[in-house]
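Presented sequentially are two complexes of chain A, the first with chain B as partner and the second with chain C.
Up next, the complex of A and B:
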């Protein structure tokens, strides 16, 4: 038996040239600038940064352009790029209470301090296609009203006083913050590592799992306590300076999900919480993340394990779309030898089968009907 | 090791009284545009010679969040960061860090951090650079806050009936 192992080189090179041509498309149409992608397709850029787990709008926009708009390919490019860079260190934890807020809503308190700020939302639009955007769209300047720069407390800080809602999640004092870019995954996980995995997880996967919990598979009775989107300052401690320096700001979306909880052997009746924190403006993902964070706390809270969204190993192991696409898509690579071996095996099994079932050849008519 | 640490402390000690000002200037440089810093350096009179001590180099910082917003830290995701350290012919050593991969911007920021530490040029750096950039950033923040404020929901109650 002969299996070809060479000969793809010219084909691959020409395929890549063709890819470059198709990516560019009709040359009479102007090429897109990175700035245009950042400014006008900003939510795509945000999603690439979130699932690529790398905040850099220029690189994410470049990846989007290079990947012809294929999100997972763009995310893959960003993940590959990050492996070429040295790690300078860890930032101080961001303070979302000090956020420059661009949107902030609560579905639990109408009159919360700081108010309900709708911001640039698709909510309440009629989802009608706007033919004016087919041409050049001249857009009015937004309205303004005197705002204030006071710190806007998170809804969880406001609710904490009553004692009916659990605190922000703490871990033991001697706990070293886990980092799944540095250490292999181990189950069961601590909540910090789980949140890191969920924050870079595939939005569609989290959305589907979150939805499954709403439909009754590990129901968690959620309320969107608060969603906020805006910019937070990033600081790192620089040992040679002896003080923290600010690196600039990044945009994040935070969701505080509040869940009714009837209590268990481990915890009294109270409101429990799920947390979502995502790069960029992405409240769908932040909401889904907080639903899944909450259901993955089932063991901690003494709940019965009944549904896929509660199964930490199942959820976290399949949440990363770069890993998932790698394994699914590898199936298209040559498996000639594996297949020849299997073909040989199936031939032998068939021969044995026919020997033992001598004279009982399958009914041809029956087979056709089944097909 | 001990010598190096003593040296570092010796260097840091005299800075402590001016540290808040320097920290703020560094934060402003980190958020400045590349052009603002390049133009200011281009127009700087009697530019000292600059020698690089480190970088500019681009790497990653792992950004941390807190569980529930205020609980235990967790690793949220990485960001690209560029850093540089320069030494001026006048002796000052300047550091800079900023999000992104703009090496020219960060090199200029390190130069201005060094110039800020020189008492003879500090007021000029503050006046020509830190002040105007801070004013621009504050105006942009105020504009964004005001645009967001216009989307605030003003609830009102419909009163029905006579009482």
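Up next, the complex of A and C:
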């Protein structure tokens, strides 16, 4: 019996109904509110915002709910919405030195101006499952204190006075900051565009690449110079006003990795830096990003190219999980026209093979019957 | 929060006008340099990369309210992804749609070119996964762009030659490379090589969109499109030993349909519209009677 691939329309509609049902699950269990996701699954929301490159907690939470908790699907939903938004302008660079800090640690100094602040971290928790969370948990109010308005200098500014650490780096005066989402990617990239790509790259991919550099594939001798998490102002220049106005505040995680560097023909011995900046609280991603950023500067610093993490085209071309998941998963679309062509070729080649290998055909009766 | 109402408003054919203008510029450049891959700032689309986002962006940029759209995948109008893309444009552009090749002004396709000869004024939009014909010979974009610039296509000829040396014939059956207007080697997208001759001097405008790889390229009407080959090993298309089981068509591309687990099979037109039209015209294949009613 020949069953044609008819009824695609009905099948799709029914599949989507079933998906909606599965997403909701048992109707006797209360539905999740967006507020609950924002408040109680905040780090998931942060990752969706960061890799979706859209800072909107409500929409990220909505995407998370709609995606049934599938991170990459949620990131994709947010990206597909983001791309339709008009571009009004570009904000000024954020000043992380003026950050309202919630967490700030340095692994290179015991103490430093502005102090070390542990903040809300999983570090030093014992990873023991907490049965109390099975029920509705009452939680103590945390200790807080007044925010400090003073600037907290970044660790790179502190070291810079000695000239032992490289500067922030200069781009030519006429350099226009690139925009990954508005211009086609071209290799080799300028560092601004590369950092954009890394900031929205897949966390797992960056984590693995950063890890590979620690295990000797392009070792970069890193120290976590500083990690800080907190809120910064977003300011935009308004030509009519002649000064910058604040649009609001966003939470970001910044990581400055300090790397030993023995010098090369191009640069003197000094500490170099890798940089990581992501939306929300995502220390793992910011750290991995700064490791990979530093490793990708190999050409600029005149280092030998030996490892995957140093290869810009390899890293950046494969770092976007929305692209990656789309192309990997497109393999489930029908390919029977191409497969038919290959089937025909293999049959021909097989027939030729059997002609030249008389009598020693491999043991495959099924195929012979099929012929 | 009025996010809900904001979310609901999309421009005609989904993309905003600035994006369409950017894509149209890329298309114009592509038409001006046949076969050259023009980088463009591909957008995220509401369907996944690899599922036709390039084709959808091209279609969205050339589509007008008066157009009639046909969408095929594997030659068929009713495969799930074709249904999904057609429904998308019905929803966001409210355009007329058709399954009839002759009635369509724009045809978006994946993996096939319709059997019926296309005419002037029609646009065929291809969905392209990997636009770079040299990609599997040289993975680096920086290198392949150089090779195109220098017209350095020796590597491709060596590959085809090695096929012949090993197998006695060229072992590429789909995405068979072509040379456009004597200059650029181009990937025709994963259409079977059976369809390659249809690209040559086609009256229709052929546009190729690769969303994930951010490239657009084009073949203007009446352009030379020559499949690469050697004098002593000329290019050949696939041929089938039997006609379509439903409409008795010969010289068309056929899908093999497995009928049972005993090796039983039938061959039917991959182009469903062509097959239906032929059957309506009274052509009857050997298995037409017993299968027409079994489709759900």
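Everything below uses one rule, namely that the second predicted complex is superposed on the first by the 349 of 371 C-alpha atoms of A that agree within 3 Å, B and C clash if a C-alpha of one lies under 4 Å from a C-alpha of the other, contacts with A are read in each partner's own complex, and residues count from 1 in each chain.
Keep this in mind: a residue touches a chain if its C-beta (ideal position, glycine included) is under 8 Å from a C-beta of that chain, and two chains touch if they have at least 3 such contacts.
Please read these numbers as outputs of a predicted model, since none were measured by experiment.
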First (chain B), second (chain C), both or neither touched by A:181: both
First (chain B), second (chain C), both or neither touched by A:219: neither
Between chain B and chain C, more extensive residue contact with chain A: B
Partner chain in contact with A:335 - chain B first, chain C second, else both or neither: second
Touched partner set for A:82, first chain B, second chain C, both or neither: both
Which of chain B and chain C A:147 touches, first, second, both or neither: first
Partner chain(s) touched by A:200 [first = chain B, second = chain C, both, neither]: first
First (chain B), second (chain C), both or neither touched by A:318: neither
Which superposed partner A:59 touches (first chain B, second chain C, both, neither): both
Chain A positions touched by chain B in one structure and by chain C in the second: 58-59, 82, 86, 181
Chain A partner contacts - residues on chain C that touch it in the complex: 1, 3, 7, 10-11, 14-16, 18, 39-46, 48-51, 53, 73-76, 78-84, 87, 110-112, 129, 140-142, 167-169, 171, 173-175, 190-194, 212, 214, 238, 253-257, 259, 262-263, 266, 268, 270, 287, 291, 294-296
Complex contact set, residues of chain A against chain C: 1-9, 11-12, 58-59, 62, 76, 79-84, 86, 181-188, 313, 317, 322-323, 325-330, 333-338, 340-345, 348-349, 352, 366, 369-370
Touching residues (chain side chain B, partner chain A) in the complex: 8-9, 12, 15-16, 19, 23, 26-27, 30-31, 57-81, 83, 95, 97-101, 141-153, 155
Chain A - residues contacting chain B, complex: 49-50, 53-56, 58-59, 82, 85-94, 96-97, 100-103, 110-111, 115-119, 142-149, 154, 156-157, 167-171, 175, 177-181, 191-193, 195-196, 199-200, 233-234, 236, 238-250, 252, 254, 256, 273, 275, 277, 279
